[in-house]
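Structures for review follow.
Next come two complexes, and both contain chain A; in the first it sits with chain B, in the second with chain C.
Now for the complex of A and B:
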């Protein structure tokens, strides 16, 4: 594997994306809005009191951090993998002396930088308006980092193996839409997991979708006890390994089926 | 009459093209189902925690969801694709092929508003009507003929406001072809999913009188719930006529700025 080539590609991609930042800022704006909608709904529901132990201020803290975490873990590139296979772009990448996954990784890193350039100032501004309450301590921040990294890895590889099904079916994209809906319902977007009905809570704790977005935020805001955090990490790590193995399997078998005309 | 015949012809031609891709029907069905599922489950989750938020209970919120889905379906059926073909990504204004559109012997605003039809969006229309009818059943005996009439009138105003907003944002593309204004309004439309009164005061004011996405769904739903004052109804109707006029004026001003792309 050629890692130096991969690094050059990463640098190139983010420099070119910075030039088209207007487009990416719009994307980031679009992802932010649904979360803001539910922040405001739950704030209205909590009123001056609290709802399931969450006050307006703690809801604000949760959702503002979720906006950032969600954009850091959202794997935009998964949406283009299918197109690259259908239109034959991937032929060229297969000839290059490095793994095609570097193309996805470079766009991932470039994307995160550009999205944060928009989202960090905007959430900062929102924080001035709606005054979230956050009590962060060192241990939580220390635990948050690996949780965030695993969440990104899980979401990226999970979406990537789904997208690679494009080797078999041209409409594999619709599975990504399904994944987004499940993350919305079970990943803490519609409501913090603690506010879901009991059966949904259980499902959310087992399936991988909570571990792609809400889990790091729950850790950072101190919603979880030590034991809950530990169990969470175990499930998250398990799903991440599973997603990676699925990616490897689908890639190895899929690429053998691939054929392109022209180029 | 001539215009209705033209709409019929547009519908027939674009539908024939789309019916060639049957798989898209099932994809549409999936997306429509996901949309319905997330919408209804959101309400179930919210109202499992609280009986009513600021005067909105489950049936009223469901009626609002029905209106939201109905407007979204109409946007997907023809308003969206028609306007996107002019002002969207790779739209005619950007590419310069708008020249050919201008040469047609028919009113330009009519042509760009009714040209493209996505027949499969009828699935969304059916689902939204289903939600609306179910909400009407839940509201049940409290409905009067007067409420239904004011509902239909304000619903029409809501459609007019949505069309006016989309047309106005599309017209802005004449001034800056590289910015995707239509994405902004599509993003903001998501805020119409919930009653505008649930948002913080400053946001609620903006969504009522500046970018009236709040009015589009809240007012018809209020008419059904019987909480709409006659004054607000008259204001909404006048405002929607004014919005139509302003959007149309903006489009004609933009048209004067158009100077093709290349050649």
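Now for the complex of A and C:
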């Protein structure tokens, strides 16, 4: 482990990313749009009453928090991992006495800060307009924190091991697109899990995708009973460990196949 | 002799390359049934290097030079064979090994292009855990030697190729590695810049006693820097020794350049006395003879005795011509 180097790397990546903040702000805006669209659709569907126990106000709270959670857990870096392998750019990282995952992590952390600079004020502004209903209590917030961290870890390592398949196949990033689609479908984006048909709810609660985005929000908005939250944490932790082990395995075997093209 | 710092035995690298004929039909076919071919980039190479040596790895494009360096720096796993560098197996990529080596690539950047070089240097010094005092001193020294005060505040993407190469060198040297792998360090640089980098590398090698293996297509680099060269061709090590000895072996003749003070009528008859001697086309009134090394003393003595010689010089054929001959013919 090389935390000193990692920390310095985060500072530098942040400095270089903030130079391109316009680009990242636009990206963040792009990610926000589909969620806003579905927020308005479900708000219209709920009308003055409620739908599966969710009122207009609680739907607004759910989706606004989902916008933030989604951006905090979205691992943008994974999209560049494949290119770095394909074009031989990880060569310079492999030469350094520090695991190349630090480079991905530093971009993750630096990126989150840049995205939040945009997303927090915008969601704040939206909250003033659509008046969400949020009953936050201490226990929910305390549970939300680890759930958010695990959601990020799961989403990051899951995407990272998929991206590392570039060691075998040069266009592995289509799998990342598939991951995004599944999160959209089963991760509470298209609709809160509670609004999905029963079979899909079961599938969503088993597969990892809900635990990458909607799960922390469900906890924070108080949609889950104690038991549901506990089971959710267990499944989330299990998938996170699995994603990490998959990353380790794919990395150790993939790097042996690395051909360091170019130069 | 001391224990060698680099010991390479029977190193081989075979790349698995996907292959398909051009055209849409072939690309559809390769979708379902990809074809692969093994390409031997490096075949059964063995050599050893003593600490402090400066070695030139030469050979035509695609000969296997860079592949060899990539295996030694731990970037590539070999298909077979072994290497021990400074007591480590390179491709295990242990941090203690990576701290002792540096690989500077002429066409790959170790810098973050968005920020000024000094910021990149800082990150690198932290990654390599260089103590702050030592970092300041090393970088100041390198910056002064390479004369790069002005360019330190500009983002790397705004630097010229030569300026960037200086930065790459500083980035590669600031943690004071013991072993330096330089892959085409002078690629694309102008002649003056090449010379300055060469001077710098030579001085650095002598002062810091680092072991250097460099690849280059410019013979001037190799001739100026490397007492020992290794010639790789089609993945095989076909020569390992002094550059000059390579020239002697390949070109067993010298060039005798002549200028006469008066007209010489029967010069052709004179040459005919020596069966091994050949006259090359005349340039600017200068006659050039190709003389077997063994006959040089005799031929020059006779020339001076019997002809009105104003000026005479004995030279080795240019190294480029010699190397070109091997690249073309592929044999020694």
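Note that the second predicted complex is superposed on the first by the 261 of 263 C-alpha atoms of A that agree within 3 Å, B and C clash if a C-alpha of one lies under 4 Å from a C-alpha of the other, contacts with A are read in each partner's own complex, and residues count from 1 in each chain.
In the analysis below, a contact is a pair of C-beta atoms (placed from the backbone, for glycine too) under 8 Å apart; a residue touches a chain by one contact, two chains touch by 3 or more.
As the structure is a computational prediction, the values presented were derived from the model and not from experiment.
Visitor: Once the structures are superposed on A, label A:245 by its partner contacts, choosing first (chain B), second (chain C), both or neither.
Guide: In the superposed model, A:245 contacts neither chain B nor chain C.
Visitor: Scan A:145 for contacts with chain B and chain C and give back first, second, both or neither.
Guide: After superposition on chain A, A:145 lies in contact with neither partner.
Visitor: With the two complexes superposed on chain A, say which partner A:258 touches: chain B (first), chain C (second), both, or neither.
Guide: In the superposition, A:258 touches chain C alone.
Visitor: Touch check for A:4: first (chain B), second (chain C), both, or neither?
Guide: second
Visitor: Between chain B (first) and chain C (second), which does A:234 come into contact with in this model arrangement: first, second, both, or neither?
Guide: Touch partners of A:234: none, neither chain B nor chain C.
Visitor: In the overlaid three-chain picture, which partner chain does A:206 touch, first (chain B) or second (chain C), both, or neither?
Guide: The answer is neither, since A:206 touches no partner chain.
Visitor: Is A:91 contacted by the first partner chain B, the second partner chain C, both or neither?
Guide: second
Visitor: So, does A:23 touch the first partner chain B, the second partner chain C, both, or neither?
Guide: A:23: touches chain B, not chain C.
Visitor: Return the residues of chain A at which the contacts from chain B and from chain C coincide.
Guide: On chain A, the chain B and chain C contacts do not overlap at all.
Visitor: Note which residues of chain A are touching chain C in the complex, please.
Guide: 2, 4-5, 7-9, 12-13, 15-16, 19-20, 88-89, 91-92, 94-98, 256-260, 262-263
Visitor: In the complex of these two chains, what residues of chain C are touching chain A?
Guide: Of all residues in chain C, those touching chain A are 15, 66, 70, 73-77, 93, 95-96, 98-99, 101-103, 105-110, 112, 114-115, 119-120, 122-124, 126-129, 183.
Visitor: Residues of chain A touching chain B in their complex?
Guide: Against chain B, the touching part of chain A is residues 22-23, 26, 29-30, 33-34, 37-38, 40-41, 43-45, 51-52, 130, 171, 174, 177-178, 181, 184-185, 190-191, 195-197, 200.
Visitor: Looking at the complex, which residues from chain B come into contact with chain A?
Guide: 23, 27, 30-31, 34, 37-38, 41-42, 44-46, 48-50, 53-54, 178-180, 183-184, 186-188, 190-191, 193-194, 198-200, 203
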